[in-house]
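Labels run A, B, C and D following the written order; every chain starts at residue 1.
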Amino acid sequence: MTEITTPKGASPEVIKDDSMWKQKEMMAGHYDRITSAHENGLKVCNTFVPGNLNELIRCFGLVNNLPEVNAIQSGLRKKSGNFVLEAEKHGHSEDVCTYVKSDIGMMEKGNIAPNGKKFPDPDVLLLSYTGCFTFMKWFELLREQYDCETIMLHTPYEGDGKITKNMRDYMVKQLKDDVIPKLERISGVKFDIDLLRENLVKSAKAEEDLVWVLQSAKNKPSPIDAYFGGIYYIGPIFGAFRGTDDAIEYYKLLRAEVEARVKAGRGPVTPDGDMGKEKYRIVVEGPPNYTSFRDFWKMFYDEGAVVVASSYTKVGGVYDFGFRHDPTNPLESLADYCLGVYTNLNLPQRVDMLENYMNEYEADGLLINSIKSCNSFSAGQLLMLREIEKRTGKPGGFVESDLVDPRYFSPANIKNRLESYFQMIDQKRSGKTKGVAA
Amino acid sequence: MTIAAGIDIGSGAVKATLFEVNKDGTTKWLGKDLHRIRQRDPMELAKEAYHNCLDQAGLKEDDVDYVASTGDGETIPFRTGHFYTMTTHARGAIYLDPEARAVLDVGALNGRAIKIDERGKVLSYKMTSQCASGSGQFLENIARYLGISQDEIGELSKQADDPEKVSGICAVLAETDVINMVSREISASNILKGIHLSMAGRLSRLLKSVGVDDVVMVTGGLANDTGMVAALIEDMEAQKMMMPVRRHDDSIQAGAIGAALWGAYRYERLKELDALPAAS
Amino acid sequence: MSALEKINERCLDLFEDLHFKAAREWKAAEPGRKVVGFMPVYVPREIIHAAGMLPLGITGGGDQMEVIHGDAYYQSYICRIPRSTIELGVSGRLDFVDGMLFPSICDVIRNLSGMWKLMFPNVYTRYFDVPQNYIDDIGGNYYTQELAELVEGLEELGGRKITEEQLRNSIALYNENRALVREVYDFRSKQPWKAPAADVYLLVRAGYVLPVEEHNKMIREWLTESEKVDRPLRDNCRVIVAGLFCEQPPLNLIKSLELAGCYVVDDDLLLVSRWLLEDVPLEGDPLHNLSQAFLHHSEETSAKYVPTLAEKGQHLVRAVAKRGAEGVIFASPSFCDPALLDRPMLQSALKKANIPFIAFKYAENSGQMQPIREQAGTFADSIKLWSEA
Amino acid sequence: MKTFIGVDLGSTTTKAVLMDENMDVLGRGITNSRSNYTTACNVAKLEAQISTRLTLCRRNLTQRVPELGGKLDEFLTRLELGFRLEQFLEQLEDLKATCIGNVSGDRFAGMEKQIIEVLEAVFKGVAAEAPKLYEPDAPRKSDFFRDIAGSMYMAHSQARGKEAGIAYDMLLNVYDKSIIEVENRPPNADMAASFLRALDRALKGMPGLNVDVNTVRKAVQDALDVELEETYLVGTGYGRVTLPFSKEHIRSEILCHGLGAHMMYSGTRTVLDIGGQDTKGIQVDPKGIVENFQMNDRCAAGCGRYLGYIADEMNMGLHELGPLAMKAKRVAKINSTCTVFAGAELRDRLALGEAREDILAGLHRSIILRAMSILSRSGGIRDQFTFTGGVAKNEAAVKELRILVKENYGDVQININPDSIYTGALGGATFAHRAVTGNA
């Protein structure tokens, strides 16, 4: 999630904040670290964003490479469309998750990182299988490609809406008896639990500031867009930087900037500069579309709609209800982290969480961007929409697109629905106050 | 000597052929006919086409040893046996061009890429999915809408200078897209080429996914559409797929040809086994 | 009507009955009886049985059910089975079901478990997780404990304890059932002309709605009777059909395959009946035994992690050898992520083993069989016309 | 007089509604949407004005010629039909000239004369048949020139072509080429003359009328002379973005349909609209404000255009599908509602020996089933329920809808207005009125 911080075609007077520069620098460094890992004698571990064990991976000096983030990059740089087609040519179905296909298509096309250099083959695939079955297939596919060691960390699903002792024990046991020994063997580095604790302390610090930033949207006007903007904000922590000093610094900068905005009563920054008057406060459920990210966002800010809370910014960890990485119980804390990411919550929990957002952030409505690719998110969203409407009395809206498959982003269609949705909120409001002649 | 007829009922057109196959494997093409269905009863048209073939050869129904159906022809009352579409297209393609190692059959509703060996054996295949955007039928509808006849499509498309992309997913929505293009005064050439290119993209993807690496024979009705074939070649070149793509004026008959030839083969086999089915 | 026809007809009736009359009658026969529904792909039915309840397989609505409300809960790019299952629920067809188990098979079924909790709060609803780690004291322990939680839940639902004795007794009955189903499959593989794929499907499927004791009896009779029939052997090729482990294909699809010249000699339909490949031992702790059976002797399917690359797809290669199949047909539900993502890997295993295959998609309510016949037919043509050459 | 116009630029049809200052609807106009939305918009508007003139005629005649009494309706019907016939003949003339002009180029080389002869004969045949179509009780195949002229042309050209040994395909092509030109020509705005000719026809058609012809003529003439000032126009529907309307003149079709339905039936709480390529379920509050809506996703399966494909496939007019389906003895089960594959499914089933009307009934049911799902998604059906859009004109679809609504939601009042296709335009006109009067 790097280059989106320098919106192309942005008006020249838009001044980049320090946090933006910092982030850009971090991401560039990240890709350089990956692409030069093997030259520098470092080993590469591919792993997923939700429930990633960054603190642990770092204990073994491994460089982590996140295929989802790469797919997002391909989407933002408008390359994913071809990658997806490429994967389909190689026999992948039109119906399945396009993250996977974008990744596979990218490999077929030379596996080039955003910095123009080739991605190294991974030395280990750490299949932290959290919140989505597709991950499992994805790494099985990668294993076929690279024929490298694959470690499975199975995160049980919170089917009953809670983390049971059995689940936690299972996770910790997998970590202790399976994941850590294998990582030791592959990296040649002995596991040092104190190093892990140190990393966890750092994580918790950054997490604190991130939560503050996301919750700043409770202000009116909201100083941030917690979906489109939020995606930039979560980049470092969900990406490769949790447990690093860089992350701490980034969030400190970010927090200061947002604090300043709140003081000044300013709204969010958009690719076209500060947003105009805040007309609608929206909660969004579901991932964004990356191939037309900017156009999609524009449909919101042009209408004065700001997203005050979103579930997508919790895929890499739900922090706003109190969870922090905890150095005193390192492995248990990692287990709880994995078990608690948004997509590992059951549906009633997800509904409760959105309801909470609707109320706490005083939103005008819930909008779902349903993603064709992602069953983990999408299956059940229509019921969630109903439930929220029922519980809050606020109108729901529904649009459909895809993460990285441009074929499924139909601008006219989405715009039509969004416009109708906003007009509906409007009409409802004025109906309440004025009354309409029939 | 065996006389065999092949009847191919498609969703766009009915095709019929008549062949004489000799013991030494040589063949003589005795008759062919084609009717575009256009809201008429395909079974009637099949009969008519079959009889036209017989007339061309000066033969009667009784002279024919085997009537093989293919396509949707399973229910033709006067057929002897049925072969499946890809089997017959593969055989037909080899007949039309012995060097063919892949068949790209593009008919009214579906497109199929079929990889074959030198004997016409189907090695692998891939079909377009259920969704009908970018099918022959779609092209036909648009052409009608634009007031362009089938045989003008190819030439017009080749004259395009700035083809307009058609959105991929749904034929119905694409239709509206096209109507909008007309209102934006985009020329028929560019519209047709746009459709051709989007079809070509799908088709080359099909070819690639079956792992085609040698001569591709285009069969089915769209082989007549030289604009489509040109767009296909263009798209394949852009993808660095350098195998030769060929078509034949009788490409549209490939299924019916294959059916007749397989029918003749089957007839001989069954005669050997003494298991000829009763004429039904 | 012959005895065999009678069984077949009874199976068809059970299959077509979207109101689950048989299960309703079973429940009504004695006060206090409970019915627990389960979805594909695997649940330990013996535990439900030991609790004195009827395990009822819910596999969607098939092609005869009109789905109205179900579609309201799902976008068009999600497979059919959850929407028809919701329809069954919303339309009251499952109002007699006291509990529902949603096995760990994919995100769709997983989320459906939560929807069920929201929509039917009075039903005992459980997401039934299984381990993807097959080490005894890691995944094994976890799973044994999950089973124990299931036992507890059912005890609470049923208002009585489940004894070890009851568990053993149920395991024995299901061991027998699995053995019989295996026998049916072996029989079909040996004499496919005597065991049309659709009939076999319906027979096994009957076990999803009948008490196991009754089903065991039914299969025995079916086997005896089928042995006797004499049907002509057709010039068909032998295929294995894979990918049908969750959403069920329409019956017409199964029939179409045979019509187009393919004998089905193995498949992955109705896996719950065949999930455990060997008898579960009766001595020792029943839950531990069930757990061990799962870890070390269970079917392979796309919902399960395969720990090594070398092993990926080998179950299919072995099945082809065992059944003397000439090819594999991958039929997968549209939008089924597990099946469709797995397919390329399975195909490359087949390719390496030089086994021909084709692939297509279906939906439980697919109406048009023409493209399916065409593909299966071409496949059969090419095996037939060329195998001798 | 001041008029307020709503134009609904649908994907298949364009509709206009014209209302006066008192929010009384005076006229409605419809045309098929075509490649040129501006023309479509103008035609629909013009048609609405024509129908406004008829309304004004009715007013004048009621007041000034009371002796028409019970005959008024018949007289007006004849007046309108006479006018339609005039319009048709005018356009047919145009089509003929265009067709003949289009017989040139390689394709026709050497055969021009022959073809033109056939065309002359074909058009003569069509023109001769035309008056029959506009008899008071004649059944109608379609509202649109393209469809009516097209099917007659095809029938005649198949016969004439065969006689003359000219391929049917070729004649069809001449037609296809020409119709689009004719359609896109801006309509002839001088309708007064046609009206007056129609008046004569009407008077001739009712010889027993005991009225003062001059008073009648004056009443009609006065109606024609009223100036219709276009005070405010609101556009909605699929094509609205392609029109040069400014933002204030555009409303989302969802809001327009909601409001339009509310205007027709103020008790409406749920609206179903099935249009050419989308199906919408809309919930409105007692004031006509939209509370919730759902529409089909990117797939156009089961929408109005589906019926269009079926009609084409069966070589029938859209208006004939419903009546035929009503004759079904059983309802065939159809699963795929993909518009494009509809034809294939139809052929499949015909080949299996199923009856045409049964299949058709099944197709209608499948459309409604899909609509029911969308409604369910939008929050179900509440009392009262209003069905709008083109498909609401189809009795077979309505029949299935009634059955399914009853089964799923019990007794709900179902409103179907004969003018249901104009619902969106009516909402638009209402918005236009409000924009000027300042109400909301």
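The rule we apply is simple: a contact is a pair of C-beta atoms (placed from the backbone, for glycine too) under 8 Å apart; a residue touches a chain by one contact, two chains touch by 3 or more.
Computed from a prediction, not measured in an experiment: that's the story for all the values here.
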Report the pair of chains linked by the most C-beta pairs in contact.
A-C
Would you kindly tell me how far, in whole Å, the mean C-alpha position of chain D lies from that of chain C?
51
Go ahead and note the Å separation of the Cα centroids belonging to chain B and chain D.
38
Cα centroid separation between chain A and chain C, in whole Å?
36
Starting from the mean Cα coordinates of chain A and chain B, work out the distance between those two points in Å.
48
Set of chain D residues in contact with two or more other chains:
297-299, 336, 341, 344, 348, 377
Would you mind listing the residues of chain A that make contact with two or more other chains?
90-91, 382, 400, 408, 410
For chain C, jot down the residues that touch at least 2 other chains.
72-73, 75, 361, 370
Assign the assembly's chain-to-chain touch graph to one of these shapes: line, ring, star, complete, other.
complete
Which residues, counting only chain B, touch chain A once they are in their complex?
129, 167-169, 201, 205, 208-209
Flag every residue of chain B that touches chain D in the complex, lowest number first.
11, 36, 39, 42-43, 72, 75, 109, 130-133, 135, 137-138, 144-152, 169-173, 175-176, 179-180, 182-183
Which residues of chain D touch chain A in the complex?
241, 251-255, 262-263, 266, 285, 287-295, 297-298, 377, 379, 434, 439-440
Residues of chain A touching chain B in their complex?
85, 88-91, 94, 407-408, 410
Touching residues of chain C toward chain D in the complex: what are they?
63-64, 66-73, 75-76, 365-368, 370
